[in-house]
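Two complexes follow with chain A in common, the first pairing it with chain B and the second with chain C.
And then the complex of A and B:
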């Protein structure tokens, strides 16, 4: 189908001409999006505003998804039941960060990690769990010593009047 | 059956959306809805019965870098072979076809979605598709220019008049009235279009497809599985895709033609052991700009060069005509769903061939052609030839 090109059009540049042409053309994307949270995540965010953590249960395998999902990725069926889950759990793993998202040094190191929530019906031995990825208000030294892992924690909410229905309504998880 | 001899069929489809906005669902919810419907349609469990998953999307449309990481979960592909094609859904169908032809995959699913309603700066993203070095700095440039440039050159070459372009819009906007997915169908006549102001000469707003949100999932299978799974397999006789040039080299583009359609069509026809016009009963053909329907009909060789506008004028392309083109109402009626647009046209062709097109069902159709373009400012086209 393709025909052979014997001679490319255009003028061939000499090496000297080539390297005298280097320049930079600056431009910036204007990219703005409004991500629809959908009915499921919307209800979760409304729950946070009210100081509740809501999950969804899969009717087939019984897994409870926090954050909630409209579907169970393991069974590929729609989840169909809302469950209010406990606001306590344990630190599954944690990390101390000394830099920001943009890799700039930050004043005070922050601890972030995943919290495995005390969710009933969770099956032992499975690696996935109902939980949240969030900031953890513990001494970074506890992460270094290993004391933080497995530590019992609970949600520290923002004051009610400051909550906006987003994930930052939870200030962090703090030791129980 | 020998692997190379085994044909590839579509055995199920699901869709969600085709609406100007879909605030009720996240993009993942939408993917789940369409894929769950496709698997139900094919009567399979994706967690056991699908051997590989193909997803088609583009990061800048998604608003997520490395968005292929988000692909597997909603479509049933977690911890299963899944990959993303950063292109139109029909290119994903071609990849699924190839996977099945290797003999290592019996059943493969293909999902594509577009949620343009969530992109607040859609035209800026389009602008970002322009060559950064010598096109973007011309700040009056709009990617729609490319469609206008091709339209003018096409009219000059073929003798098609401005009225013919308007006729395409009238036909497709009215065809869509009996299609539940055609959110932008409307009862208009020629005078109405001709008396509207131009958006990009020679086209008015009625001749430029708007955007809609949708997710579409197809399930493909090899011949043995297709026969087991459905009584109505739709065979992919041939599929082709081609890219001519990027926006950094449009000076090389042959204006008023679409070589990528020609190459993609030749590739598909060769696969089907055909030489030239495949003699289809109907076609779902690119029409996101009115003139493209006429141009694509000629470049895919369904009609002779310069004849498309004459056939249109005679009514040959009407739903009851000699060659029904876009009985669904096309993109002018259904909108453009970004990378899912090709699958929206494949969906219409599939429904026609299985007799499930509802109010816009054609009679006695056994072979159809789908030809889709990735839209401005691309020169990428895909062609699929289907039969029952």
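And then the complex of A and C:
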């Protein structure tokens, strides 16, 4: 489309027009999936059930991975040691969600973000760190003001009898 | 980064085509591909029989609701009984398609390549957003009920915290791009808006509001890429591909700094090195940084080294990136203004640079003289960086 061409191909439809089109076919995939958690994440989830956060250490570079991996993605060697890591850390980033996965409005906005855990094996200010993506139980106002970023937090566990060995065994991260 | 590439042929872009970008198109995906491909061929004065190979780009199959979309798009894209490649790196696809075409030509395997990118997002409903659920890790991410906007909001929030930028500074990018798009005939969301309009639009995932985001879009774009000898026969004003770069970042996005896009920086260094560009902030005349969100353009300007880390938001306030500014960015109107049919949007950006470098962009032509240009796209969980450097 140089300046010489003014009319471009394409026929626009309004929402109503689209859903009353001749030949419109509606279809929905009915595939159901059961995902195995894998060799290391299975053990990590077991740890959550017991109220522990488990990492996996690379014998070559010394990084401790949380969530754990069976191999070090940097050295490409097998990790070989389980390490229970501190349940504290700081908020790397946090946001307030007003919509669901399906983009519907949700009634009570939720705070989610990433937590940089207090795990050794990383240089200060290194681009990579051990940490988790989870819900954060802080006042949304602190997210807006910026107070939440860098805030020290710890794990809030679900009551032991409710834990199932999945990521939701952690209820959220809450201020220390 | 060492790029160990031995080129047989220099590569040129000699034609481009695009459809209107629409919220809902009547055309099927393959019809959209056909329209763009035909326009690109016509613009280069070629017919399908001149074409040796076809490269197709399309992002997740789940949007169009068709698996094996490369094969599906084949006939409309003119690929029947020709060597065809489909590439896919999420949102990074749009710039990865001409990169793939580049190595088809540079290797000497093909002389004339038809490059087509298409996306039709409207079939998925109630909202295509739901399709994005399937890019998250099923074990440790999906149970939290994530929405794709979360990750952008997290990145934007981190950028704001680290760089001291405010929402109103970032909103200026949306204002600029939607205004630029008023001059683009394909545009879906061109508008004269204010920073206030952005701040007052619906809050989706704070800090992201509705007008911080590019729209759901249907559309297609296409290019013709050839070897140097062929290009010189076809046109007096070929646009050269001087460098390409593409790298993949770690998928464990929660284990890294989100304020600076390393996924892009490595790809940019690769492309600049190939293009012999040492100081991109001085040598690049016009850029199309990938802007599915307004902060993302700033993020990418910094990753492309067109501004220092954390400084792009200050420059946007000074009008530095306006169409008549020092270093115009997204003169097309970008994804925020023209629209975001994922793979086609990235290719639209490369097409814009093609028109800019040929001084054919009409009202969108930037004020300063242009010699070198760069476009990028990004895809997946802050992972795939794709960069292309062009010159005239």
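The working rule: the second predicted complex is superposed on the first by the 155 of 176 C-alpha atoms of A that agree within 3 Å, B and C clash if a C-alpha of one lies under 4 Å from a C-alpha of the other, contacts with A are read in each partner's own complex, and residues count from 1 in each chain.
FYI, contacts are C-beta pairs under 8 Å (C-beta built on N, C-alpha and C of every residue); 3 or more make two chains touch, one makes a residue touch a chain.
Note that the coordinates shown come from a computational prediction; the quantities given were computed from them, not determined experimentally.
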Partner chain(s) touched by A:108 [first = chain B, second = chain C, both, neither]: neither
Contacts of A:41 with chain B and chain C, given as first, second, both or neither: both
Contact breadth on chain A, by residue count: chain C or chain B: C
Touching partner for A:98 - first (chain B), second (chain C), both, neither: second
Partner chain(s) touched by A:16 [first = chain B, second = chain C, both, neither]: neither
Touching partner for A:70 - first (chain B), second (chain C), both, neither: first
Partner chain in contact with A:33 - chain B first, chain C second, else both or neither: both
Touching both chain B and chain C, residues of chain A: 1, 27, 33, 35, 37-38, 41, 73
Footprint of chain B on chain A - complex, ascending: 1, 25, 27, 29-41, 69-71, 73-78
List of chain A residues in touch with chain C within their complex: 1-15, 17-18, 21, 27, 33, 35, 37-38, 41, 45, 65-67, 73, 92-103, 109, 112-114, 127-135, 140, 143-144, 146, 149-150, 166-168
Chain C residues within the chain A interface of the complex: 16-27, 32, 35-36, 39, 43, 65, 122, 126-127, 129-130, 133, 138-141, 143-147, 149-150, 153-158, 160-161, 185-186, 203-208, 218-219, 250, 252-258, 262, 351, 355, 358, 360-363
Touch list for chain B against partner chain A, complex: 22-29, 32, 35-36, 39, 45-47, 60, 63, 72-74, 76, 78, 115, 118-121, 124-125, 127-128, 132-133, 136-137, 263, 266-267
